Structure formats: C-alpha cells, structure tokens
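First comes the structure, then the notes that go with it.
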Amino acid sequence: MGRLIDLCKRKLGDTVLSAHEQHGDETVVIRKDALLTVLRWLRDDDAMKFDFMMDLTAVDYLGTRARSERFEVVYHLFSLKNNHRLRVKTLVADDDPVTESVVTVWVAANWFEREVWDMYGIIFKGHPNMKRILLYEEFEGHPLRKDYNIRKRQPLIGPEN
Amino acid sequence: MVANYKKVNRGVTLTFWERIYVMEVMRGIIITGRHFIRNWVSTIRSYVSGNPADRGIPTIYYPEEKPLLPEAYRGRPMLVRAVDGKEKCVACGLCEVACPPKCITIVGAMRPDGTRYPETYTLDGAVCIFCGLCEEACPEEAIVMSPNYEGLAEYDRGLMLYDKEALLVPEEKLQGRLDYIRRRMFNKCNY
Amino acid sequence: MENRHQLDLNTELMVLNMGPSHPATHGTVRFFIKLDGEKIIHMETEIGYLHRAFEKHCEDGTWSKAFPYTDRLNYNSAPQNNVAYALAVEKLMGMADKVPARTVYIRTIMCELSRMADHYTNLGAATLELGALTAFLYFVEARELTWDLIESVCGARLTSNYVRIGGLASDLPEGFAGKVKEVFAKNRVFWDEFDKLLTKNRIFLDRMRDTGAISRDDAIAYAFTGPCLRAAGVEYDVRKASPYLAYGNVDFDIPVGTTGDNFDRYLVRMEEIRQSERIIEQCLAQMPSGPININDAAVRNPSKEEVKSNMASMIFHFKNTIEGIQVPKGEVYVPTEGSNGEVGFYLVSQGGGKPWKCRVRPPCFALTQAMGHMCKGSFLADIIPTFDMINLIGGECDR
Amino acid sequence: MFDYTYLPAPNLIPSIVEMMLKIVFIFSMNMGVFAPLLGWVERKQSALMQDRIGANRAEIFGFTVFGLLHTVTDAIKLLTKEDFIPRGADRPLHYLAPFIAVVPSLVAFAVIPFGGKYMLWGHEVNLVIADLNVGMLYVFAVASLATYGAVIAGWASNNSWSMLGSMRVGAQMLSYEVAMGLTLVGIFMVYGSLQLTTIGMAQENFFHWGIFLQPLGFILFIACALAENKRTPFDMPEAESELIAGYFTEYSGLKFAMFWMAEFLEMVTIAAVLVALFFGGWHIPFITHQGLIAAMGYLFGANFGAIAAMIIHVAVFWLKVVVWIMILMLIRWSLPRFRFDQVMKLGWKIVLPLALANIFITGLVLLAVR
Amino acid sequence: MGVTREERNIEAALGDSVILTQVDKVIGWGRKYSFFLYPFITACCGMEFMSVAGPRYDLDRFGAALPRFSPRQADLLFVVGTISHKQAPILNKVYNQMAEPKWVFAFGACVCSGGMYNNYSTVQGIDTILPVDVYVPGCPPRPEMVFDGLLKLQELVANERSSKWPRGKSQYEPRVKR
C-alpha cells in the first residue's frame, strides 16, 4: 500500500471505504457524507497539501455494480509542494444521484461539476449554478450514462433524425 | 541533463526611443517594407523570366502548380486492382470494422474458383476522415491511402458515394504508396 | 463606491452578447457581458458549442479506434494527444517500459513539433486579433513549415493519427534530421521578425501588459496548468515534475513568468518555441535505431509479412481489429504536458476490447473557466488578448 | 475676412473652363483612379508584405492584368448585392450616412493645390480649385463632417455593435480633431498663412519644407491623421475582432462599398495634405518653380513650356501622394491596434500637450529669429 | 443602391431574354472573382482555413481574401468545422442574415455529413438545415481540395441565372427561441 493511502487511513479511519494502488496511482474511496471535510483536510494538511484539483469526473458502472453504487465521482488531486497525486472517489446511488459540491474547496470544481451534471445527471448540492454546460437546456437525458444511446439526437433545428 | 525553470525576461524597461512609438513604428515598417520590396522585385523577376522558382514568396499557384507531397501523405483511400485485373480485396470486412466513422460497406461474394471478392464496395467520401486505419487493418494490402487529393469537391453529397469501380486503381499507379507502407510502416524490421 | 459613481453619471449598463459567431471567440464560446461604458462589470462564459461526444465515441469503439478522436481534441497539437492516450493505455496494460527506445524518442520529437505548431498558431492568432495581420501570416508560414515536417512523418498535416498502442504508425522518413535543420533555420528568421515586430512595440505591449492578469494563488485555485500557470510564476511542468518519454534525458529550460498577465504568457510561449527546438535537436542527436513497435502480436498488429505468412499472427490481426486489444481491468491517470497545460487521460477498463471510460483532462476547460475572473473590471477590448492567450481550443474544451 | 479674389471676375469664360477642368480632374483622379486603384494597391501591397501574391486570377479573355480586374469584379459584385436595411433601423438616416461619409473627403480636396500658378496665353492658371485664404480651416471643417457619417451610420443601424462603434468614432474623431488643429498651428506660424497655395509656394526651397521646419508637428500630424482615417493602429471603431465591423456592421452592397471608398478617399486627402504642408507640395527638390517654367519655356516656348512644367509639377505632386499612401498602408499593415482608452490617452495626454509645446517652441524660435 | 427583391421578381417574370443572359454573364463573372467570405469557424478545419488564407496557399488569389465578419457584407458562407446541435440555430441565423446573393461552402467532412461524429450532439451534414452549394470532404481537407471546391463554386456562379435569386431564408425555424 502506498504512503498516501496509509496516511489517509490513519487519519480518516472508517471514512475510507476502500483503497487501492495500481500502476503507482493511489486511490481512496471516501464515504459520501464525509466528502467535504476529507477534501478540505487533503487540501490544507501539510503532508498532503493538494492545492490543485486537476480533474473531476464521474464513471457510470451500470450493469457491473449494485444500483446503490452505480456512479463514482472521481477527483484527481495534485500537490505542487509535495509533487504527488491522489485519486479520491465517492460512490453515488442511481436513485439518489446527489453529492456535495466542492466549489468551496477548489474554485476550479465549478465547471467540472456542471459538466458531470450535464453528462451523468449527478446533482452537486451547494453548487452556485447547477446548469448544463456542454449541452443545451432543452436536452433530455444525460448522454454519458451507459443507457443513453450514442445516436439518440435531439436537434434544436432541422429534421428529427 | 535536466530541465530547469528559468524566469523569462520581461523587457519591461523600454528605452525612451521605444516609448515614443516612432522608432518602433519605423522598425516595424522596415521589416515589413523589406519583405514588400524583396517580394516585389522577385515577383517581377519571375514574371520576366517566366520561372516560378524565382518568386521569393512561398505561394503555390495551385491549379497550375502542384505542391510536392511527402511519401507519407494519406490522400483518398483506393482499392488496388492486381496485375491480373481482379481486385485484391477479399471482402474480409476488416476495413469496415476498423473504420472509425464507419464509411465503408462491403458485400462479399465468391468467385467460381473459390476466391472471395467484394461484390459491392462503397466508400462514402463525405464521411471518410483519411485516417488510414483501413489501410492498416487490411491484411491483403488491398486498400491503400493513395496520394490523390484532387477532384474530391462535389456539388452534391450523393456524388461522393464512391462505388467499387470508382475506387479501383491499377497496382502500378499506387506503387509509391505500396512501397512506402512496406518499407516504413508494416515492415518486419519495425517490430 | 462603484454604485455611487454610476448614479452620479447616470450611465446605463449595456448587456452585450458576444459570440459564438463573433470573430474573436473562435466560434465556440459565448460571452454575456455587462458593460458600463466599455468597462466589464460582469462576464459569463458559455461553452459547449463544439461538444462532439469524444468520451461516448471512445466507449463505443475499441481501444485503438480512439486515436482519430484524440487527434481532434487539441487539433493544433494532435500528436501530443495521441501520445498521451497511448501512454495511458500502455501504463494500464503494464507495458510502459517495454516500448522501444526509438519510439520514445520519436514520440518526444512529435510532441515538441506539435507544441511549436500550437504556439505558432496561438501567438499568430493573438496578433491577428490585435490587428497585426502581417505578423500573423509570418507565423502561419512558420507553422506551415512545421506542418511539413509533421506531414512527412505522419502523413497528414493536422490530424496525424500517428501513434499506436505499443508503437507508432510509421518510422521517420529518410533524411528527417536534415529537413528539421532546414526548417528550423527558416523558422528562426520568422521568429526573429515576429519578435522584432511585436515584443518591444509599445502598442502591442500596452495591449498585453497588465491585462488579464491572474495571481499565483488564483491560478492554482483555478487549476491552471501549462504556459498560463507558468506565466503566473508557478514552477510546474509535467515534463519536469514527473518526466515521461525522453524528457529526462534532454536539457532544456522551462520559462516562468512573474505576474501572470498576457504579456508573460506571450513571452513564455515565445520562449517555449525556442526550447522545443532545443529538445528536438537533442533528441535527433540521441536517436537510437531499432524497431518502433512492440513485438507482441496481442498488443500491436504484427507486420504485414507475418500476417500473410503466419496463421497465429493472422488470427491476432483479426482479433485485434475486430474485438480490440485486450486491456486488463483497472484504472489509470497519466498526466502529460500538452501545449496548453496538463493533458491527463483517465482510463477505466472493465477488461475486454473497449474502454469503459476514457476521460481526458482538458487544460482549456479550467483556463476558460477563469475568463470571467480575469476580465472583470477591464475593458471590452481586453477580452481579446486574454482570450487569445488562454488559447481556447474548442475540440479540447468541449470535447 | 474672406478674400473674394478667387471668384472668376475679369475674363469669365476661360476662368469657368479652367475651374471645370480642375474639378473634373480632381474628381476623376479621386473617384476614377484612386478609389478603385487603392483597393488594388492595398490588396497587392499587403499581400507582398505578407509573402503572398494577392488577387491575380480574375481574367477577361485570358488577361489578368496583375489582378487589377478584381477591382472591377468587386464593383460588379457590390452593385448587384442585395441592399439591406435592418429591422428597426432609421431608414432615411441609414440611407444618408454613407453619403455623408464619402462627400467630405472629396470636397476637402477643393483647397489643396496640386500645382502652382502658370501663365498660359495671358491667362493665369492656378492649380487649386478654390484658393481660400482660410484653406486649412476649411479642410478641418469639412473633415469633421465625416464624423457624422460614421456616427449616424452606427446610430441608424439599431445594433449594439454598431452603436458601440459609432460611440467610439465620435469620441476618437472629436479628440483627435482638436489635437490635429493644434499640431498644424506651428506650420501656420512658420509660413504665416492658412492659405495652402501660399504654404505651397513658401516650400520652394528644399530646406523650407514643412518636415524640416516642423518635425515634431509632422509626427504628431501623422498620428492624428491616422486616427482620423480610422485605420490600424487606430481602427477601434471598426476593429474586426472587437466590434465585428463597427459602425457599418449592418450595411451591405453599395452602401458598404461607399464606406470603404470613403476610407480610401480620406487616405488620399490625408496624403495630399501631408504633401502640401510638409513635403513641398508640387515642388521638385532644388528646382525652383519659376526655374522649371523657364527651363521648359526655353525648350518648348513660353506657353507649351508652362504646360510642360505644369504637367511635371502635377505629376510630382501625385507621385508624392502615392508614395505617402504606400507608407500609410505600410503602417496600417505592420502594427497592432491600440485599445480604446489608450487611444484617448494618447490623444489627450500626449499628442495634445506636445502640440501645445510645439506651438510654444515655434513661437520662441520665431521670436528669436526675427 | 443594389438590387431590391422587387426588381429581381421582374427579371424572373421577363424570363430568358438575350440581354438578360448577357447581363447574367457579366454579373456572374464579377461575382465569381469577388467572394467576401463569412468564415463560420468552429473546429479543427479552422486551422486549415488559416493555412488556406495564409501565404503558402493564399485564398486572395481567387479574390476571396476579404473575410467580412458581418453577414450583411458577406457572399459566401464558409462553414468550417463541426456543427453541433447547440451551434446549428446560430448557423441558421447567420445564413438568414446574409444579404442575397449568397452561397454556402461546406468545408470538411463534419460539415458535409457529420463525418466521424455520428452521435447525439452533431448535425449530420449542414445540408439538413441549409442549402449547400459545394461540398469539400476531408478531415480536414488539404488547402488544395478547398481550392478545387472554390473553383467548382466559381464555375457554378459564373453560369448562374439571375432568376435563381433571391434564395430566401432557410426553410427551418429553431424550435426554441432564445
């Protein structure tokens, strides 16, 4: 197990649901309700100091996992000072796709969260402007969900096809 | 052998002459004016001598002059017609599968001698992205990216649907490309 | 204070909708601007006009079919995205160290060539929008020469589709090093002329300096990467922080600015062009010979001769093409230094021939997000240099 | 105040003929030669500066004439283009604006001398349409009219980009007109006249050219003139990347062409004023006006010699104008554009004080010399 | 002051008289060498468009170098790059704003047919919403291919009858007004 995972486990205890390391990438899965406190700690702690939120995305595991764990919201963090990276995940259920917004922790999360809402339909509680970003308001459904057909078009103009 | 961080020189302190615009304007004019006069003289020289190489400008007068393309250039995909007049394609369908925009459709058939051939082979030129993955997928070197890029524009999208006859080209015309892929791409020494 | 000033003068706020077909917005962004005279009070950015479902397409096809789609992310520097994706897949397959040395060097060269092309385009377009058309066209010609090099290797000018998982599409052409030398000699003349025309020109300087500035802390908070972050004085470059490809073996400088304004971004990019030339020259000098592909039929399609002669190779060829390369279950995030910033591929595999998820971390996305922050309080005309120096590439930002 | 001597009193018919010929000459020079030709020159010159060749493919029976025919094709195209008036626009003003923009730059030419005075068969020919003794004031007055064209165009178009453009035009032209007037005060002081023919005659000696007597005034005047002309680096009102096409965004076809033509004509006017004030007008360096007439008279006889001298002088004048136009174009294609507030700052905080200082210094020097 | 729509209708009523054909020829000749472009640039092809306009290939040779970003002054709508469904109403609007006569040039595979982006967000060829005059395939097309297309368009314009105009607005209205 990696150094960062050890640190996290020691400090966070049972908020870490699971952790693994693969190809040198360290991953911790965090309980959803503790997300904000954990991320804030990760940002501020001197040993961690994750000042960059490099990426925020989600993954849809439809058909391979229980419906209560269908979505994973994935945060890729980077620390400039310590030059290390950590992947933090949290699980989101299919029937209640809601999680905390981290805009208060990293400003950069704003658009990334909007994109996840747009593409996966996961709502971020506390986000200042939860609107679609890449698609248009009239679009129905969330295209990156595995049950959305890639060719299902919803044109704003012209013939339906 | 390492990378270093280096502060860029901002050049903030402009000298008095640079601050009053005039000198900088003059310098700019001298640079562009030099280009202007050089190109003017060389263009007139080429008009007089009739030799396009005399032009100092890099412009290619396209329909009359053609650019020199590198060997690696991927133009429109073409089917190879073997020396015996038959198509090399065996209608295995790999190109159809490998094509990212899915612009190829093949209907295979059997010749009396038992070899397979494509009964119809359609490539939608309006969809093709010239990526060369079909060439890479083809086990028979039957479809190659020809260096041909001319005459692809059309008035109608339907005209860009190329059938087998429009795609088939005798092997010797594609020899350059075939040589190239044998030598630089799928050669054994590259593995 | 501001409110009172408005009351005094009784000015009306003007709401302006800029884009997406506005010449300065590259056709892919819309700005909603609230103006007080010419001063921006509030600005909102709307993107998504070039959303082309990159991720959905990657999930739809096999692992190797994603390459043409990665080309069109940051279309100015297509080989970089190819390389980043290939590195991620190779790492996920656990064979990152098996890639031949020659391939590593060629990939480095292609990355740097495309970085040069990207910066030429970006700086050129910026000057075009500031009105200096001539300088722009000098850099277009410089880019054209760089593209000639890329074309002679990849076979296409822009969308190269050059890198493959575990190798490359083709070897370098004969006499490549000589051509590189010729092109660099010509490009340096263009670079010098461009530099003389603009860098110390006070008109240009006044447009660029102290506009669109962002502080060091804000840049980090907005997850800036690449030239824009370095212009703000943060020393971070993936090539240095975690060297990949051949970057550990070459000597180069990474320019870093101080104030994070547009002029620093301009200088950083100008300097990076020179440094890219240095890297390429060193790579060409160190270039090892040998194969360019992994000799493993399960990863890289075997050579055509082998496919024709060997039944097992033939089967692999068919399987790789139809089912796709088999990638073990797992997930990986690989950061690389794109021309705009950190391009990171986050891949999730559930086993099998298709990616379960193929996410790219778009540097422009984070940069564009800060547009409102950077432009607030400045003039309408400042949007143009700021937006140009952000270098928004629609394909990458909206994917 | 006004000197009425320019009115054709003594021998009416030759004077009217002379006047008509001069008007026709200037009008055809501007509308027939410069307006279309400058389009071509600008295109070709910018192309060659940028390592391109420029328009060269329009052909008629196989002749391309170096792309000159593209001017004709442009004219045909613009003539047959749909004339568009946006919804909500003020129709009469929308129609009127392009005319207001074009006319002043043509009319301003009336006072610019393109040659000196010549005796032909006992009739004195003065190569200026109207030899006003307040010539420069007239130029300023007329030039400021052009502002209205742009402002009205922007206002009548009912488009926020046009409106912004016309606001910028208004502000920019107003501020630079003030500065431009002041930069030329030095010249008036040196030559002691506002009459352009007088100023022209005073520059007979090469070292008395305006550029040598008023170098600072010259630089400031060029800056102001470029700003008045609304071309890069001062093209804020029509900055493509900011305001799409500025105040003429909503104009199409011929009306758009008129704005275009106005810009070129303004450039000719500016070049002509520059030559008349700073570059010795029609004079050839080191050859006096009467000297040339005498030399030509010696060769061809008095009358035809005067005609020959006249032709040479007019040619020299237009040659100088063409050279200046090309320099103005070089400037236009080499430089990036200012930001709007920087333009205003330059106008009010740099050019205006410098112009005042120029007047002061000129005054001191004149006092010292006399 | 240009030609109004009413005058056009008169021409249409007169039919193919000899004088009109000769006039058409002259007008066609004028128009074909004087395209003012509206570059509707969205994506990758835009980079190639820069090259087309750049020194190496020089679009100006065909008399088409003057990009007008105001649709009123443009004759030729250069649609360069992928058109997404979000973008399509704007393209339609720009087309409707253009003054007659107007032509549409489809630059690149995405514009011709959607190209490799056969998905939920991309318009499958702009000819589903606009009339297109010339299609140039390629992803992106080489500048030479673009010139081929331009030459074809010139041929088309040179032989056009004036009765073709006005072309009118696009037949589609956006479903949502914004």
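Order of writing sets the labels: A, B, C, D and E. Residues in every chain begin at 1.
Criterion: a contact is a pair of C-beta atoms (placed from the backbone, for glycine too) under 8 Å apart; a residue touches a chain by one contact, two chains touch by 3 or more.
Computed from a predicted model, the values in this text were never measured in an experiment.
Visitor: Fewest touch steps from chain A to chain B?
Guide: Each step joins two touching chains, and the minimum needed here is 2.
Visitor: Most remote chain relative to chain E, going by C-alpha centroids?
Guide: The most distant chain relative to chain E turns out to be A.
Visitor: If I average the CA coordinates per chain, which chain comes out farthest from chain C?
Guide: Following the centroid criterion, the farthest chain would be D.
Visitor: Suppose each chain is reduced to the average of its Cα coordinates; what separation in Å results between chain A and chain E?
Guide: 44
Visitor: Could you grab the centroid distance between chain A and chain D? Build each centroid from C-alpha atoms only and quote it in angstrom.
Guide: Centre separation, chain A to chain D: 64 Å.
Visitor: So how far apart, in whole Å, are chain C and chain E when each is placed at the average of its C-alpha atoms?
Guide: So the centroids are 31 Å from each other.
Visitor: Averaged over CA atoms, how far is the centre of chain B from the centre of chain D? Could you give it in whole Å?
Guide: 49
Visitor: Listing for chain D: what residues touch at least two other chains?
Guide: Expected reply: 49-53, 240, 244, 333-335.
Visitor: In chain B, which residues are in touch with two or more of the other chains?
Guide: Each of 21, 28, 31-32, 35, 57-59, 61, 100, 129-131 in chain B touches at least two other chains.
Visitor: Hey, what residues on chain C touch two or more of the other chains?
Guide: Counting only residues that touch two or more other chains, chain C contributes 22-23, 48, 51, 53, 56-57, 68-69, 134, 137, 141, 144, 159, 197, 201, 203.
Visitor: Going by the touch definition at the top, which pairs of chains touch each other?
Guide: Touch list across chains, by label: A-C, A-E, B-C, B-D, B-E, C-D, C-E, D-E.
Visitor: Quick check: in the complex, which residue numbers of chain D touch chain B?
Guide: Listed in rising order, the residues of chain D that touch chain B are 45, 48-53, 219, 223, 327, 330-331, 333-335.
Visitor: Under the definition above, what is the set of chain E residues touching chain B in their complex?
Guide: 55-58, 61, 109, 112-118, 125, 127, 132-139, 141-149, 151-152, 156
Visitor: In the complex of these two chains, what residues of chain C are touching chain A?
Guide: 46-48, 51, 53, 55-57, 60, 91-92, 94, 220-223, 225, 234, 236, 241-242, 330-333, 335, 342, 344, 346, 348, 350, 356-357, 359, 361, 365-366, 368-369, 398-399
Visitor: Mind listing the chain E positions that touch chain D in their complex?
Guide: Its residues touching chain D are 1-5, 26-27, 29-34, 36, 54-55, 58, 60-63, 65, 68-70, 72-73, 75, 99-101, 166.
Visitor: Enumerate the contact residues on chain C facing chain D in the complex.
Guide: By the definition above, chain C touches chain D via 14, 16, 22-24, 38, 127-135, 137-138, 141, 197-198, 201, 203-204, 206-207, 379-382, 384.
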